[in-house]
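Quick heads-up: structures coming right below.
Below, chain A partners chain B and then partners chain C, in two separate complexes.
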Partner chain A sequence: MNEQLIQTITKLVVEKLKSNEVSQPSAGTADVQIKLHSKQATGALTELPPPENPNGKVTFHQTTSAKPEKKSAVHPQPAEKTISKQEEFIEELKKKTPSRIGVGRAGSRPKTNTWLQFRLDHAAAVDAVYGEVPDKILHQLDLFQVQTRVKDKEEYIRRPDLGRKLSDEAKELIKKRCAFSPSVQIVTSNGLSAKAIEENLEDVYLSLVQSLGNLGIETGTPFYVDKGRVALMDEIGDVLQPDVVVMLIGERPGLVSAESLSAYLCYQPRIGTIEADRMVVSNIHKGGIPPVEAGAYLGTLIQKILKYEASGVSLVKKEG
Partner chain B sequence: MKLKTTLGSEVYSFTELKEVFAKANEEKSGDRLAGIAAKTVQERIAAKMVLSDITLADIRSNPFLTADEDEVSAVIEGDVNETIYRNMKNWSIAELREYILSNETGDRELKRISKGLNSEMIAAVTKLMSNLDLVHAANKMEVLTTCNITIGHKGTLSSRLQPNHPTDNVDGMIASLKDGLSYGIGDALIGINPVDDSVESVKRLLHATHDFMNDWNIPTQNCVLAHVTTQMKAIQQGAPADMIFQSIAGTEAANRSFGISAELIAEANELAKKQGTGSGPQHMYFETGQGSELSAEAHYGIDQVTLESRNYGFARHYDPYIVNTVVGFIGPEYLYNSKQVIRAGLEDHFMGKLHGIPMGVDICYTNHIKADQNDIEDLGVLLTAAGVNFIIATPMGDDCMLNYQSMSYHDVATLNQTFGKTPAPVFLEWLEKMGIYENGRLGRNAGNAALFS
Partner chain C sequence: MAGFQPKKEAIISAGIDIGTSTTKIIISRFSLMNVAGSTHVPRIEIVDKEILYKSPIFRTPLQDATTIDIKGVELIIRSQYEDAGIQSSDIETGAVIITGETATKQNAREIVHYLSREVGDFLVAAAGPDLEGIIAAKGSGTYDYALKTGRVTANIDIGGGTANIAVYKRDKLLGTCTMHVGGRLIEFKDSTVMSISPPIEQLLKQENKSLRLGDTNRHPDIKFIADFMADSITRVLAKEVKAEDEVLLLGHKPNWNEPVEAIMFSGGISECMYEQEITRPSDISYNDIGKQLAASLQSNRRLTEWDWIEPEETVRATVLGAGTQTTEISGATIQVAPDELPVKNVPVYKYSFHGHLEKGLAALGQSIKEAINIYDSFQEGQNFVLYLADLPYVGFKDIQKLARAILQVMELRHDPEQPILLVMQMDYAKVLGQTLLAMNARQSVICIDQINVDHGDYMDIGRALQSEVVPVIVKTLTFHSS
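== the complex of A and B ==
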């Protein structure tokens, strides 16, 4: 990525963060509510005070704060340092990341509540795998739906090769309904997480379309593919002959976020395209790259791909 | 070369060595996906029996991918020590297994035969070994390597601290870093996967970790696991990187899909030696994992254990500081459940060690695979018993960016304590100074990230 693009996205993200709108990943979603650090029972263990704040807010800054002075490892902080100071410091740390830090210990093991919370979150993430995208969203965005060669969830998981191919009907349908050889073909798919589409598609998609519009870049007829894989774009490329395909697809669900979306991009993907010629913007969700900003950023990225007539490693080479 | 055997009244005959290799594997969903797995358990055992009589010379003279066709083959072939090979080329795979397991065979002997074996031979013997064979044999070997500090000693279990963050936020990364250090994690390295594969982002993370290590006198090494070309640019622009990372695969075509070649890796190694901040002599870090060749549609009908072994043959050419398989990372299409992940973890670790490389494991699973944290704790115990050089650790085992679960900070400390092991000696000294470890296990300041205030 060139300097300018980095600056653009950095600025976008920083602005968003300054406005302090980024909320805790997953908080508030109905069925997959993930509390990162729940209140814990005060045990007899002395190592660490139980974490108080169940809702570490994520804040983002681009650089480290002022460099600390050289610390002496020979005189570590005394253990008897007042608990409240310690607690405060750890609470501060927890606000900076959605990861499960400052959870204390029982001997060398996690505390009971932390462990059970983790198991619960895993159970929720397992349930979030695959899933169907509600028709409503597709209607709203005017996306028609096609199928890959995959029949059901289990086959989707076991046969990535089938998720990389359109069904015969799908091929016919996109031939019939889509503009041929557009500059940019937008494709969307649930991939490994329908939630990712549910939560982010509207924002990413609308801001992407707007951004491309502003840049004067023509787009084809977008559609939605059920149970697709990234490399499916190669066959779509063969059929529709676009210059660029951008595929918005659900990433595999994690514990902190089961709704993370990726945008995979490629210049003239065709059957036989290698992965290295694709590129990806990942972790699009409200605790990662905010969806609206991601859409805008993707527009400028596509502009660059069109300019250099290359993506991925080939783009890096051409850029020098 | 006999490719036929009779079990009871059933005759099992195979058309080529590649088929024997594939069918001799323990059950893996990836081999099924490729359409090359044994149809029945009996056919699997028949293939193992046929394989046990094949000689090392048979394997060498019937390559699945020749050195002319594939540069990974060329690299591996070029590194075989002909003298050592000649002395054992008539051994059958059964004999090789028994030599490895013999009580007369120790670290020195294994390192010697290692030089005469190619990756296919190492894969072959692995297919005949039980899980306990793999643990026991791997544990005979001690592979020491040095970047800034030396790791791999018997009696130690090192770890990579992986403080990833969903937007590469430096303060967020440092928060997780502090937490991990307070559990004694990070002697193998502090290694971050960046979300944003841009030179700027990579430089920022390299500087932040390097500064933190300096400020607190931490004897370890840093790395940001972007694409190799991005890391090279960052280093050329003056960013402090102790080593260079890259994901690798077992065929040239799969490597090409990763955007790399043998030449590029050699260049990266040279650059790390000349402009990296690590004192060396080792400067490279590789990750591997069963299934990546098939995922890239570059597997040539070769089974995933053999392809994985070729990763290690390729890796050893560059004298790496560390290598780890990310076993269970990709998903159920290659390793379906915990049983398959556990088997693959033990295979990969053993094959790496028998190649003489400093083998670690990212013991992990995704949320679409049939496994849970208990399963990978099991594998953690097995691999610690097998003498794994290092494992990967994330806060409570949850990586909030890569969307998978690995071992936790707590787990590394627990494995060390349970097995009477410790982190690497130089790092342990630092931990003791900090009060994080006392008397070889977690001490008064353990788990208290406020230590770094």
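== the complex of A and C ==
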């Protein structure tokens, strides 16, 4: 079946469910907002309070031969007040996490709303991996594009090692077009989320460039790598010999956000650089660190890396 | 990462409470640490507060009924610094608060300014009655109790001159109320009535009581007054204020909207109830109705309807709150011009974008003109903090627009050379600050975020710390006008 169609239908169903609820006076649950979920899930899903006398009321039967105990008079009697207290408490907890907590259940399964929302977020995550970065963005930011040794998305996922190497043409191209041995080399790549680049790259990049400009730090010629992996910066470091590489790359999408961007930084990455010398600022997206603020922060972080001539664990050690 | 210890930074904070009857000081040390994960933008928080020194409880030195003895206060503070073994230059934050009736003394304002210059270059909060109640609630343990249990808990801090009530539910302040209820409102000398404060005079008249100066301290009206105060507190807690209670209200009526479930008493009167202090104040016989008031509260029937929670601090609740609870730490991604700090006592002007950048920018100039008219009506160049609230999610180009607009409107000030002071509700302080710098703003820029302020607050911003954050004290109100 057509993926697009499935998504459209799912969306329709979710919206339908929602519009039903709006017309229903559902006391107290109206302002549950799921803020961080991917954009497709438009707005808040609300939950129906259980009806007074549910038709399909579930009853439990004793299946063993033991005599069913007489219904004792001891009912759990949570007073009106304690229920609302509990609900309030759950609301408090919900505010503190984007995770799907306190969503209720129907029997042993999630409720339809929750399930559809989950499917939708999962679909968004898959789309982010298989999506492409629009050329317009690269054009606007004046980034030229190179390839890794990966042929297509399937190979990209199966062979991480190939995503860590530049194609021969790419090597030639960056040698030709990029300034040699700059203080800072900015590299961008879609990585596992094209959506992350589409949504956040412009803001992070412009803010980062401004920040470095303010600090008087010279930058090289930035470019974009299609289907790159983080450790690709080692080979780029070998070819261009910069002091610091900062790589803005789409994160593996999750169910909270499919458009989260990470900035990986390393002081003098070269082939053979160990992972402990890399550092990362992650979770850059609308619901996480605002992209513009992240760019501003990265500038001062790079300044620190240059000052201590170290990154990652080495930087922490040197900083003392 | 065996043996990896996150870096900590310590700052010393002083709290000084100059109350109606007593003055006390505490010195504490805050540990600051980055609590965000290593892959996140740092978030510096106060992770530990350690009390280094608690002073004895001194009687507030007064020159006469309406003037505080500045030299006397300074002497106390200096002697306590010495006993604590610290220099005034060690103190990086903290608050002097002048509470209760003392705040209405003629030279209260003068005193805080004098002290902030002379006894430590720290931040100063001159509390108004609402803030006083809030600070006491945090110092007494009410805030922690409400946070832990979720119960609607009222702290009733009764000192010499005023009772400050603050009601919390979890970390939410539901409301405050201040009353003319305190130990020193009737004073004795040699077992006769030496003074009666004006609100009590009024109350006596209203209730047709005859108590006068010179009467014996066993006059039945004294018990009547104390009982009346206790009843009045009960009615305020229950939000059933009657016409006869209004004489005791200072400012607004109780303004919380949920029924109080538990109560906690702090302040000097609470000390009379719980007697927590190991070493008694050197001068215990204050010779006023304090004891009687404590007894009236303890025997009040209706007060037993609420759960009484014993406070963690009685008479020191306010000073503890002032020393440990008034300092906030800004966000870690900020832009400040180090030479311009500290900035003290600047008013906050809140400008809300209501979620629309363009509309917000269009009306910004007009609002700033208003702000200048309010805060700098004498055209003396009184600066103010512009608090940017309810911004929508913004991209880089939006930030540029915003920066341009800010540069423009800041020129409207009578003294446009002054630093641009900005507080952001959302986490955009660093990028906005950097953008202003990139646009070659001719003024210095101080742009911080992650601080809770509101329209009409006053702010002190301290020097930048090693962790690249600044300590901030927000003052909800300054002096009462009465």
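Everything below uses one rule, namely that the second predicted complex is superposed on the first by the 220 of 320 C-alpha atoms of A that agree within 3 Å, B and C clash if a C-alpha of one lies under 4 Å from a C-alpha of the other, contacts with A are read in each partner's own complex, and residues count from 1 in each chain.
As a convention for this text, contacts are C-beta pairs under 8 Å (C-beta built on N, C-alpha and C of every residue); 3 or more make two chains touch, one makes a residue touch a chain.
This one's a predicted model, so the numbers in the text were calculated from it and none came from an experiment.
Colleague: State whether A:283 touches chain B only (first), chain C only (second), both chains, or neither.
Modeller: After superposing on A, A:283 lies in contact with both chain B and chain C.
Colleague: Could you say whether A:293 touches chain B, chain C, both of them, or neither, answering first, second, both or neither?
Modeller: A:293 contacts chain C only, not chain B.
Colleague: Kindly classify A:104 by the partners it touches after superposition: chain B alone (first), chain C alone (second), both, or neither?
Modeller: In the superposition, A:104 contacts chain B only.
Colleague: Who does A:159 touch here: chain B (first), chain C (second), both, or neither?
Modeller: A:159 sits against chain B, while chain C stays out of touch.
Colleague: One more residue to check, A:248. First (chain B), second (chain C), both or neither?
Modeller: In the superposed model, A:248 contacts neither chain B nor chain C.
Colleague: Tell me which partner A:96 touches in the superposition: chain B (first), chain C (second), both or neither.
Modeller: In the superposition, A:96 touches chain B alone.
Colleague: Any idea whether chain B or chain C touches more of chain A?
Modeller: Counting residues of chain A touched by each partner, the higher count goes to B.
Colleague: Identify the partner contact of A:212: answer first if only chain B is touched, second if only chain C is, both if each is, neither if none is.
Modeller: Neither partner.
Colleague: Touch check for A:319: first (chain B), second (chain C), both, or neither?
Modeller: Only chain C; A:319 stays clear of chain B.
Colleague: Which of the two partners, first being chain B and second being chain C, lies in contact with A:230: first, second, both, or neither?
Modeller: neither
Colleague: After overlaying the two complexes on chain A, where does the chain B footprint on chain A coincide with the chain C footprint?
Modeller: In chain A, positions 85, 89, 282-283, 289, 316 sit in both the chain B and chain C interfaces.
Colleague: Can you name the residues of chain A that touch chain B in the complex?
Modeller: 1, 3, 5-6, 9-10, 13, 25, 47-48, 58-65, 67-74, 76-77, 79, 81, 85-86, 89-90, 93-94, 96-105, 107-110, 114, 118-119, 121-122, 125-126, 128-130, 157-161, 192, 251-258, 260, 274-276, 282-283, 285, 287-289, 312-313, 316
Colleague: Across the complex, what residues on chain C touch chain A?
Modeller: Per the touch definition, chain C meets chain A at residues 4, 7, 38-41, 150, 170, 333, 335, 393-397, 399, 426-431, 433-435, 437-438.
Colleague: Provide the residue numbers of chain B that touch chain A in the complex, in ascending order.
Modeller: That would be residues 29, 33, 163-167, 169-176, 178-179, 183, 195-201, 204, 208, 211, 214-218, 227, 229-230, 256-259, 295-296, 331-333, 336, 366-368, 372-373, 394-405, 408, 410, 413-414, 417, 430, 433-435, 441-442, 444-453 of chain B.
Colleague: For chain A, which residues count as touching chain C in their complex?
Modeller: By the definition above, chain A touches chain C via 85, 88-89, 92, 202-203, 206-207, 210-211, 213-214, 262, 279-283, 286, 289-297, 299-300, 316, 319-320.
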